[in-house]
Amino acid sequence: MSDTVRVGVIGAGVMGRYHCETLARRLPGAELVAVADVDEDAARRAAGLAPAAAVLTDHRALLADGSIQAVVIATPNDTHAGLIREAVRAGKHVFCEKPVALDLAGADAALAEADRQGVKLQIGFQRRFDTAYRVARRAIADGELGAVELIVGTTRDPKPPGLEQLRRSGGLFFDTAIHDLDSVRFLTGLEVVEVFATASALILPDGGAEGFGDTAVITLRLETGALAVITNSLRAAYGYEVSMEVMGERGKIAVGYERQTAVRRLTAEGVRHDHVGWFLDRFGEAYVAELAHFIDCVAGDREPEVTGADGRAALALALLAARSHREGRPLPAGEGG
Amino acid sequence: MSDTVRVGVIGAGVMGRYHCETLARRLPGAELVAVADVDEDAARRAAGLAPAAAVLTDHRALLADGSIQAVVIATPNDTHAGLIREAVRAGKHVFCEKPVALDLAGADAALAEADRQGVKLQIGFQRRFDTAYRVARRAIADGELGAVELIVGTTRDPKPPGLEQLRRSGGLFFDTAIHDLDSVRFLTGLEVVEVFATASALILPDGGAEGFGDTAVITLRLETGALAVITNSLRAAYGYEVSMEVMGERGKIAVGYERQTAVRRLTAEGVRHDHVGWFLDRFGEAYVAELAHFIDCVAGDREPEVTGADGRAALALALLAARSHREGRPLPAGEGG
Amino acid sequence: MSDTVRVGVIGAGVMGRYHCETLARRLPGAELVAVADVDEDAARRAAGLAPAAAVLTDHRALLADGSIQAVVIATPNDTHAGLIREAVRAGKHVFCEKPVALDLAGADAALAEADRQGVKLQIGFQRRFDTAYRVARRAIADGELGAVELIVGTTRDPKPPGLEQLRRSGGLFFDTAIHDLDSVRFLTGLEVVEVFATASALILPDGGAEGFGDTAVITLRLETGALAVITNSLRAAYGYEVSMEVMGERGKIAVGYERQTAVRRLTAEGVRHDHVGWFLDRFGEAYVAELAHFIDCVAGDREPEVTGADGRAALALALLAARSHREGRPLPAGEGG
Amino acid sequence: MSDTVRVGVIGAGVMGRYHCETLARRLPGAELVAVADVDEDAARRAAGLAPAAAVLTDHRALLADGSIQAVVIATPNDTHAGLIREAVRAGKHVFCEKPVALDLAGADAALAEADRQGVKLQIGFQRRFDTAYRVARRAIADGELGAVELIVGTTRDPKPPGLEQLRRSGGLFFDTAIHDLDSVRFLTGLEVVEVFATASALILPDGGAEGFGDTAVITLRLETGALAVITNSLRAAYGYEVSMEVMGERGKIAVGYERQTAVRRLTAEGVRHDHVGWFLDRFGEAYVAELAHFIDCVAGDREPEVTGADGRAALALALLAARSHREGRPLPAGEGG
């Protein structure tokens, strides 16, 4: 059809497969044309809902398909920057999972190339498309809280990654904290001027031996003097926990909930309900909304709400957090990574 | 001291003992002067916090003490009406636990005698002194809901009484439902025009054999056409449950909570917290507030907020509910007991 | 495609349109082939996501299409029974919104015809496909509660229907309460032996003049002596409220929640969050799941979990409730409508 | 009476007055004998419930009364250490509000003197007597969480102090954070090895000009590598907020709640309930329990659960936090104040 955006997906892991389903079934304006993954079976499973889609093991074949207008990148973190560059050079609009890169040079090269090519680049900060975060941002922007004073953010993953996955992700500052770092910017509209981070390896001792923390606290000072703190953990026995509370002069807005299913059990042991289990339970709709936005921007030639610059800004904070942890001291935001 | 109200307590069960503690320690304006119970040890324990208080086994000795101005009656339900009459005839102001009587003749005789003697008579509907119920009543009276349309009330006791206690209580319509029947009147300010009740004996088969239900549903039609429903159970494995929701044109006000202690546990089994355990956990402060009000009314010669007439009105509804259940049909409120 | 089920939808109101979207986009195993509605524009809008689907104003044209295997009926309640009969006579499998009919004769004729034709007939009790209801049913069936004793169910619609819509729906016992009546059967696995219902017209006086209540309380006695009570209202200023609590020997299981978006606002006015707004917010996924089940049953030649007999059983209770309200007395379940 | 503990209270502000009420009415084992405050009216009001109590303006007169066995100190923070020394030198057992002192030298001198005199010294960390904190501590000590990994604590006062009060308190690290610092030790049983704190003056610019922050984040590293973070604010528009979450291998235990009164309002604006308003709402019972414990320890010659050493340990952390904030770097716990 002439009026749908033709999309290829590179990377067919959990996230890539979900994006494939979204493109195949949930977005009338998009068409899933090809899926590439080094694991052919994974690519085939991800393409399952779009029988006409090509199944590829080399992303270069996908990029060479001139009929593809846009690409979704959902590969390991250490490949993002390079793939963005390749894709935009091939003239594709790009939606890339966070982080945009694992170093600022990589991010800058990718952004510059996208700019040169005049294509859209959206980074996968899906929380910006979650209704709760959007309601909170709007309320804060409308002045409901008055001046922002104190922010407390939390992301805890249900299960830790394997060691290889941890390495390729860059570690929890780049893979997990980066969401909270972006959310602080998104919800408050303020920039960070100082970062102090500390981490421990309590869950994954092998990761710890290579310098990867799995439990972390990051303190941010914002340009107005407001403070923020983020806590992260790579394991939560009770499931997937994401929350952010923003406090200001006139009150507090708290995003997050603990409960998944609308059932409570009351027994002699007390009152019990389940907890949000994992990220697709919590953000399934936001993942659809962010892709819908990307497709709309491509189709309508509009700039995405979440830009490469947003991806770079969050990366810079993650890099500072990692360095602050290594050096054991707070760092001004100007010091780069 | 000349300016404290001298009080005697008749009945030293759980409720009587709590009232004794309140009079001895929590109300500066009251003095606990004597405690009477057929069980002398119980009386002695209840008087424990007031070392100077007399310990009696015959309530007539208490009523004969001319220095006592006011009496709290916390004996089994089937003795209330008779004791009120004796106490007011002895010139005492009376605070009596609900129900005021188990039949209308008894209630009328007690009220008439109190009237003749010109003494105060307050009935122990402590929910009327609970902050949550008071907030709700005020909001409804202020028109927050607009016209009231639908009420759902619940009282569930944690553990069933013994058979003898059940008999002396008059059964769940008189001992448990009567609180909800009063609360409907209190929260809405409306009178009942029709009652339909049905009950089952699912918990106490021996009680069932004598006609006592332990699980009941009561439907009320109010004078405006608004409807109310009350559910009661004499056993709740999870503790003590009391709630009332009042719905109107513009919204709903819901009184009640499930949680006692400010702790949540989050584990692989979900999120768990405790439940309110029993009536003193939920209404301990209300029991103090109702006695404080009674003492104030006695000291200041003012009419209590909860009168004998309120006690009689709730009793009339409990009697109708019991009869409706026996006869298997709705009854107009005019039909008496 | 040979392996998808070809479906036509009759009725393109809110519910019909949602079913169309589900068939067009959310169920890979189904194909939306035609939409019929007397309002051609409505049919066209509903078919919007399936560009190849036929848009019809006469359902007979749809039933005449031999390539259509299954039909979804989402028309006004007073047409259900007749349309089921027509559709099954045309050899179609049928998914029909509740109620199956507005009288037992109509239901019996529809069921008998479906039986004769050997086609599937599923009734749209979507709560049976909601995760929370399913978790609750499983827990109760597994004996978590021990014997069931007391059930409290609530359904309150955010906004009342217009008078014409109210008439065609049969009234709140048939359109709203019928969900709760079915849920009592579904959650407990028990049958009803007695019904008492009472209703008031507080919201829609014009409806009241024609005998339609808009606020109702229904008391049910189940075969074991367990009691249930259902309250319904055709308007709730705060949104869409659906809950059911089942209490038993060992505790209580409560289905329902008040909150839609994961945001709380804390200000000097207290803590505030939103409420579930309307039925698609609460049951959107369940509506998809019930159709998925229907399509699976058609494709795999299996009997649906929710049968015409379930639809008839709930209808019989709604009829009894309506009669009990008219006659002002409880009715044994055997007395039919 | 020979078997009650005779107590004098020094300091008749809000906290002192509450302790006076507790001693006068809530603790049968204690007798309020004298109240001293430089403000004679305040002392008189605080003594109101104990008509026989002496009202003094000089605490030395109180300490000179040989019949007084124990003293409660509830004066401004900068007087605590000196008053403890005076009181124990006079042979009194001492209950002193937190902090024990504003510098380690003062604390050490006070503790040494108490030791020499062989009297009890209890510090007013009332959270240790709150049911929720006790339940949490017990669960953690019993291994419910496995190894502790991450703690998030919050204390936010409803209204900021005046500038003079802020100065005398030592600032938020000494007056507010000190509770959370103690709670980390109490709940986990672990000691702190590193402190990083940062603060901003967003609420009280005059305080900021003197170096007092009003909004703070403190990160702690514990001896096992577990991390803790505490956020404090001297103003919360919505009331008094206190919470602490302890996360471990097997889950999380969360202490705290947002709601005071058991009422919810549901309207077109959503669902609303009140928030805990101030510290006596939240900890009224804990303040009674801590004094009851103190009186028991004095009467029974037992060591209090919360010792001067606990007071000193929390003070040392508060001092480190203050210094870390001034110096802009994390500090090892060994570096003293």
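Order of writing sets the labels: A, B, C and D. Residues in every chain begin at 1.
Here, a residue touches a chain if its C-beta (ideal position, glycine included) is under 8 Å from a C-beta of that chain, and two chains touch if they have at least 3 such contacts.
Model, not experiment: these values are computed from the prediction.
Chains making contact with chain C as well as with chain D: A, B. The most distant chain from chain D is C, comparing centres defined as mean Cα coordinates. Rounded to a whole number, the gap between the C-alpha centres of chain A and chain B is 57 angstrom. Inter-chain spacing, taken between the CA centroids of chain A and chain C, is 39 Å.
Chain B has residues 236-238, 250-252, 259, 266-268 in contact with two or more other chains. Within the complex formed with chain D, the chain B residues making contact are 25-26, 28, 49, 130-132, 135-136, 139, 144, 250-257, 259, 261-268.
Against chain A, the residues of chain B that register as touching in their complex are 236-238, 258-259, 266-275. The touching residues of chain C, when paired with chain B in their complex, are 147, 149-150, 152, 154, 156, 194, 196, 198-203, 215-217, 219, 221, 224-229, 231, 233, 235-238, 247, 249-252, 328-330.
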